[in-house]
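Both complexes shown next keep chain A, but they swap its partner, so chain B is in the first and chain C is in the second.
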Partner chain A sequence: MITSFLFKNLDRGIIVVVAILLGLAVAIPALNLLTAPDHPFHVPTYLVSLFGKYLTYALLALALDLVWGFCGILSLGHAAFFALGGYAMGMYLMRQIGARGSYGNPLLPDFMVFLNWKELPWFWQGFDMFWFAALMVVLVPGLLAFVFGWFAFRSRVNGVYLSIITQAMTYALLLAFFRNDMGFGGNNGLTDFKDILGFNIQAQTTRAALFAASAVTLASCLVLTTAIVRSKYGKVLVAVRDAESRTRFLGYRVEHIKLFAFTVSAMMAGIAGALYVPQVGIINPGEFEPGNSIEVVIWTAVGGRGTLIGPIVGAILVNGGKSIFTAAFPEFWLFALGGLFVFVTLFLPKGVVGTVSAYLARRKAQGRAADADKLVAEPMAAE
Partner chain B sequence: MYRILQTLLITLCLLVSVHVTGLRAADDLAALVATLGTAKLSELDDRIDALARSGDARVIPVLEALGEGNLYTRKADGSVFLTTEKGASLVLLDPLSGAEIGEAAKGDIQKIKVNNSVRRAVRSALSGLTLFSTDTSARLKAAQSMRQTPNADALEAIETALAAEKDATVRKTLDEARAVTLLISDRSDDDKRAAIKTLAESGGREALGVLTSALSSADASLKPDIEAALQQIEQAQVFWNAGQNVWYGLSLGSVLLLAAIGLAITFGVMGIINMAHGEMVMLGAYTTFIVQDVIRTSYPVLFDWSLAIALPLAFLVTGIIGLAIERSVIRFLYGRPLETLLATWGISLILQQSVRSIFGPTNREVGNPSWMAGAFELGGLTITWNRMWIIVFALAVFAALLFLLKRTSMGLKMRAVTQNRRMASSMGIRTPLVDALTFALGSGIAGMAGVALSQIDNVSPNLGQGYIIDSFMVVVFGGVGNLWGTLVGAFSLGILNKFLEPYAGAVLGKILVLVLIILFIQKKPRGLFALKGRAVEA
Partner chain C sequence: MNQTISQTKPKSLLYLDGVSVSFDGFKALNSLSFVIEPGELRAIIGPNGAGKTTMMDIITGKTRPDEGQVFFKGDIDLTQRDEAEIANLGIGRKFQKPTVFESHTIWDNLELALNRRRGVFPTLFYRLTADDRARIEEILSTVRLSARRDDLAANLSHGQKQWLEIGMLLAQEPELLLVDEPVAGMTDAETAETAVLLKEIARTRSVVVVEHDMGFIRELGVKVTCLAEGSVLAEGSIDFVSSDAKVIENYLGR
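Moving on to the complex of A and B:
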């Protein structure tokens, strides 16, 4: 049944991307683990983690695209959902350190011992179990998005105002997580992780597995968003984007439609954050920085909002560019990024993928028209 | 004729007598000082006391030198000198007049030895002496120090000084010092009651401390008085604390107003989300830095005028940059507010990095002109001049802007374009020109805000980032498109923030304010003062 859905509803582009992602999930770990370090196709471990990081960014951009590209909600709070997912995973990883921390306390993470806390705060309970942490990874961002969205959409806060208050939310969280009293490690955040699911987090095999997990998750989220967008609900979603009042007048509960997309999107962002943290090895309040959320928007815009492949391409392109640029000319990265913002908004409103596919569609239409001219001798019927 | 002669004669006599007494006093003093050289350590205290009682300002350097161990005596005859070093030998100076009297080899003279008790005596003598200084600020300082560390022996000196004092501020301080001192002296209970009353009226933390310590040692008959006074002071303190919070809130509000007012124009009036607004503030601050730098190296006399020079320059610089941004980027994006958000964010990154490349990533020093330094007291409030001027400046900018919008033809056109662009265009208003000028105006005002903020904030490439979110909050909270809303929004957020701070701490207070704003927007999505109209958007 799923296969039939896939073939019926996914267009060729999506299938190709899913296939590439699944292929990468096998190929990169294989090239990393099975080839000798001097082999020409060998992928060093640091690159595996770097690519893995890009894939989590791509997932984040995909999540944003669901609300921005298809529902017209420009959320400037997605980095916050990402970071919350990351913190949930970070808390699990902290609990896994156990007595191996520098203070050797079997229960309390180092920073709590340092702050002279005597017992584990209630919100750290349960994070020693992976299933619980995994649940929290989707539940916490999802719940926040649900409550926030429920209030905001019900009172019809939209457009720019919504963007500004999502930014205020991110900023408030940033300030909150910087506080030591919050119990999330203050400005140092959570780091020095040892194990994940019993495997050493630094090990080559674990890194490869995390990469594969990221690729597979991204592929399945791509299928999921495609299913959402292609469904009847997805059509209404686009209607809300293009003519919100009209959709409301037609009898749709616009706020419910928006709320569903917003919550799902926040959950996906949370998952992206959870995959990001073990590969980077640290999570700190800097991830809540309002600038980060805006950067996610630019990945999506570069790739093409309103296309599902676009954000993935955009995130990988921009971050790849960032890695190369910051290594080669660190001074110029912000110039390049700033220029990219201006260039894309002015000249590439559809993004790379949107522009290319529009160009291809035009070519195809022209080709078809030319064929039609050849085959049909008589003039076209008047319409 | 006779009368004139008489007057002259009397005057002459008086002059002579004054001269003679003056001379005699100088002789006495010199004799007193000279005894310091031969006195034993245990006798020094009495000698110092005698010197202090002379009440003559000339003994101050002698006592200071003695306290620091810089007073010398010649071994041969025991006479006393101040010295300055000159090669291997020392130049001897007369301790009272400071005139050179000769030189001596280092071996011929020795320091007058002092110990801690002597030093203490010197210090209290000095503070008593400065009460009679001719310099008002020195007297004030002395009175303050006596109020802070009361000494029962000084009571008479204070009273003498009080009788002679003319300056009102010094009188008040002296009065309080007298009351504080009186409480620990052995005067009568009635006197003490009066002193308690004086203290209760003066209020303040110090009086609170003095009375609390007096409470434990006082007679039973005095205790109710002291307790009543304590209560009175505490009540006054609650009142003044609230006043201080309001003041801090107004001060923060004025900063918010300055940062947001330019945004109120670009965002409120034109509907452009200008994320580069903070960078305009930053550029204004850097303009101030450049102006001060040029003044420092070339025309140091003008330093007090640096802000006045920087203000129009900052307006011009940021206004022109704003104009360039509008013409090159924003005019293509009208009607797509979310896209302007992204594009201006990009511009803000470019501006930040440019400043970082040119001026370096570290903080630049911008100095306060003399008229902005210091503070003054208003009742129980301490008000710093720079905060005071920033409030005045913010209100002035606000008033000027209001005048521009409501009373000039340019303002009329701006409002027309805001309310109905197509109709305004049909009436012959060149809307693109109005757009460009409005954006330039908003940016220019941000630049002027930067000049003011450079006085209280670090001038670094990140200066603007700290203000951007706050300014958006102010504009959204106050109501878009309404300058009065921005004013009320800025001051109410400022005051709210400062009243939450004592209970919640600075960071948590800020978080609470943000949450409150988010909730407020749910209730009134268009802010405090929404523009009324029938337009339904999209």
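Moving on to the complex of A and C:
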């Protein structure tokens, strides 16, 4: 309903969020590296990585918002694209270990030596080069989304059916990646990373740099998605969301419109996963868990779908809450999360950001009306 | 009858011959045949379930016929194409229930409908040109919505939504317009104005109007086709059709 008004009103909001993110990209590393550990404003390294992780989640939620908030495609499989990007980065990090693994094999990662493999599988070739891995981070999720979307959108699979097959997709990948002979480390996934681009991955400076990279990437993707949704293409996306057959009878190829958004969104999710893995130090098949994708939907709903800023706020709020909550009452977290989703759906259908900006817009409109009254009232008083 | 139809086919704008379609054994269209000439304004009447909406679904590519031919401009086979292709060929459709993009402004609704390249990349890099702006302004005044251009379509009245949808059809620059019950739920004044609007539109393109409102059809003063049970019952002027015994029995008499 209010999406097109948000287009106009959120401009300042987007600028503010981009400025905050860029500010954080400088401030958090600075507070971590330049202050002494006992300084009151010191940010410990574990927090730098934790905040960095939140930002990658925020990027994943932003990616989901592009398809769910603007095109009505409720993907319940976005964590799969995130995990695939993460695996691509994980493979690069594994190859960087070189001969420093437990088995000291210069070419094969430990788990392959353990499985008695003699040579590197073909799909591990090239991952020793960062540029190649970086390319795969966007290409693999993008290609999967393209092929999946091609069939789903062409067959006009919509609504809840689409959501179910996206769940099936992530579940199928979960099962596949669990198998040892898939060649991705099975159950244990990929871990024990040493270096990234020649820098020690555990080093305080590397952690700070990864945080800064996450913040800058999130800011760039926010600008990119804003440009997309503000273009005429973005208006077509919303048109598809609100009246798909009307859009089709106007002559738009709805399947192409959806496919583009879905593919771009999957690529963004892949980048998020690639930034996530070096900061948490592990990637395993658990990331494909169907529940993970549903959590992304909750973050987006809490923040406000179709607002771009909302998912970022939602991801940070919910995950911040999760970190605090799970420390205090670990067994109740899922109840709290479920309760939160029900609460937001019932009482804040536009999410936190949607509700706040609707309130601000209303107040602004009232203010304008009051000003107009004053203008009318004053000359009359003068008479 | 069939002889004359095959002779008129090359000159016709829309040509349906022997079109049948059934859903779960129910024959929605039963060997339906008729022809629309270029520049013609035609009214189609008929009782509920006569197949009026199914006929539109077939012409616009939403439904495939079981048998029969549907040709546009003499030689374009519509049964082989999908909705988007048919729309881009120049056939516009207005739904029974007004369907506009409620969360877009009236201006954006028309901008989206405007007959420009509709691919992903052309829309992504689209810039509103002076020509496009002028065309939208022109349509806004045709459908009498100039003053509301920046309002959300959701805030329009029912009648205004119908007009906005007709305006969107105009922006599409179709050669053939299919209009399903344009005056349903309109006041008498709005109905009269809609008749004027449609007649104005029909000066430059062909229009097929499906309508129940006999007063409205009389106001249009055009050739009428009466459908019943999926085929043509009678065709001619409104007076001719409404005095036809079968039409009275099947439709008007009820």
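Rule of thumb we're sticking to: the second predicted complex is superposed on the first by the 366 of 383 C-alpha atoms of A that agree within 3 Å, B and C clash if a C-alpha of one lies under 4 Å from a C-alpha of the other, contacts with A are read in each partner's own complex, and residues count from 1 in each chain.
The rule we apply is simple: contacts are C-beta pairs under 8 Å (C-beta built on N, C-alpha and C of every residue); 3 or more make two chains touch, one makes a residue touch a chain.
All figures in this text were calculated on a predicted structure; none of them were measured in a lab.
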Practice item. Could you look at A:369 and tell me whether it touches chain B, chain C, both or neither (first, second, both, neither)? Key: neither
Exercise for review: Check whether A:169 is in contact with chain B, with chain C, with both or with neither, and answer first, second, both or neither.
Suggested key: first
Practice item. Once the structures are superposed on A, label A:297 by its partner contacts, choosing first (chain B), second (chain C), both or neither. Key: first
Practice item. Examine A:243 and indicate which partner it touches, taking first as chain B and second as chain C; both and neither are also allowed. Key: both
Exercise for review: Give one of first, second, both or neither to describe whether A:36 is in contact with chain B, with chain C, with both, or with none.
Suggested key: neither
Exercise for review: Check the residue A:328 against both partner chains and state whether it touches chain B (first), chain C (second), both, or neither.
Suggested key: neither
Practice item. Kindly classify A:252 by the partners it touches after superposition: chain B alone (first), chain C alone (second), both, or neither? Key: second
Review point. Given the touch rule stated above, what does A:340 touch, chain B (first), chain C (second), both, or neither?
Key: first
Check your understanding: So, A:152: does it touch chain B (first), chain C (second), both, or neither?
Key -> first
Exercise for review: Please determine whether it is chain B or chain C that touches the greater number of chain A residues.
Suggested key: B
Review point. Where on chain A do the contacts from chain B and from chain C line up?
Key: 243, 245
**Study point:** Residue ranges of chain B in contact with chain A within the complex
**Key:** 271, 273, 275, 329, 332-333, 337-343, 345-350, 352-354, 357, 465, 469, 472-473, 476, 507-508, 510-511, 514-515, 517-519, 521-523, 525, 536-538
Practice item. Would you mind writing out the residues of chain A in touch with chain B in their complex? Key: 74, 148, 151-152, 154-157, 159-161, 163-165, 167-169, 171-172, 175-176, 178-179, 243-245, 290-291, 294, 297-298, 301, 331-332, 334-335, 337-342, 344-346, 349
Review point. For chain C, which residues are in contact with chain A within the complex?
Key: 60, 62, 83-84, 87-88, 92-93, 95, 99-105, 108, 111-113, 118-120, 123-126, 152, 154, 168, 172
Review point. Considering the complex alone, what residue numbers of chain A touch chain C?
Key: 1-5, 228, 231-233, 235-236, 238-239, 242-243, 245-254, 256-257, 260
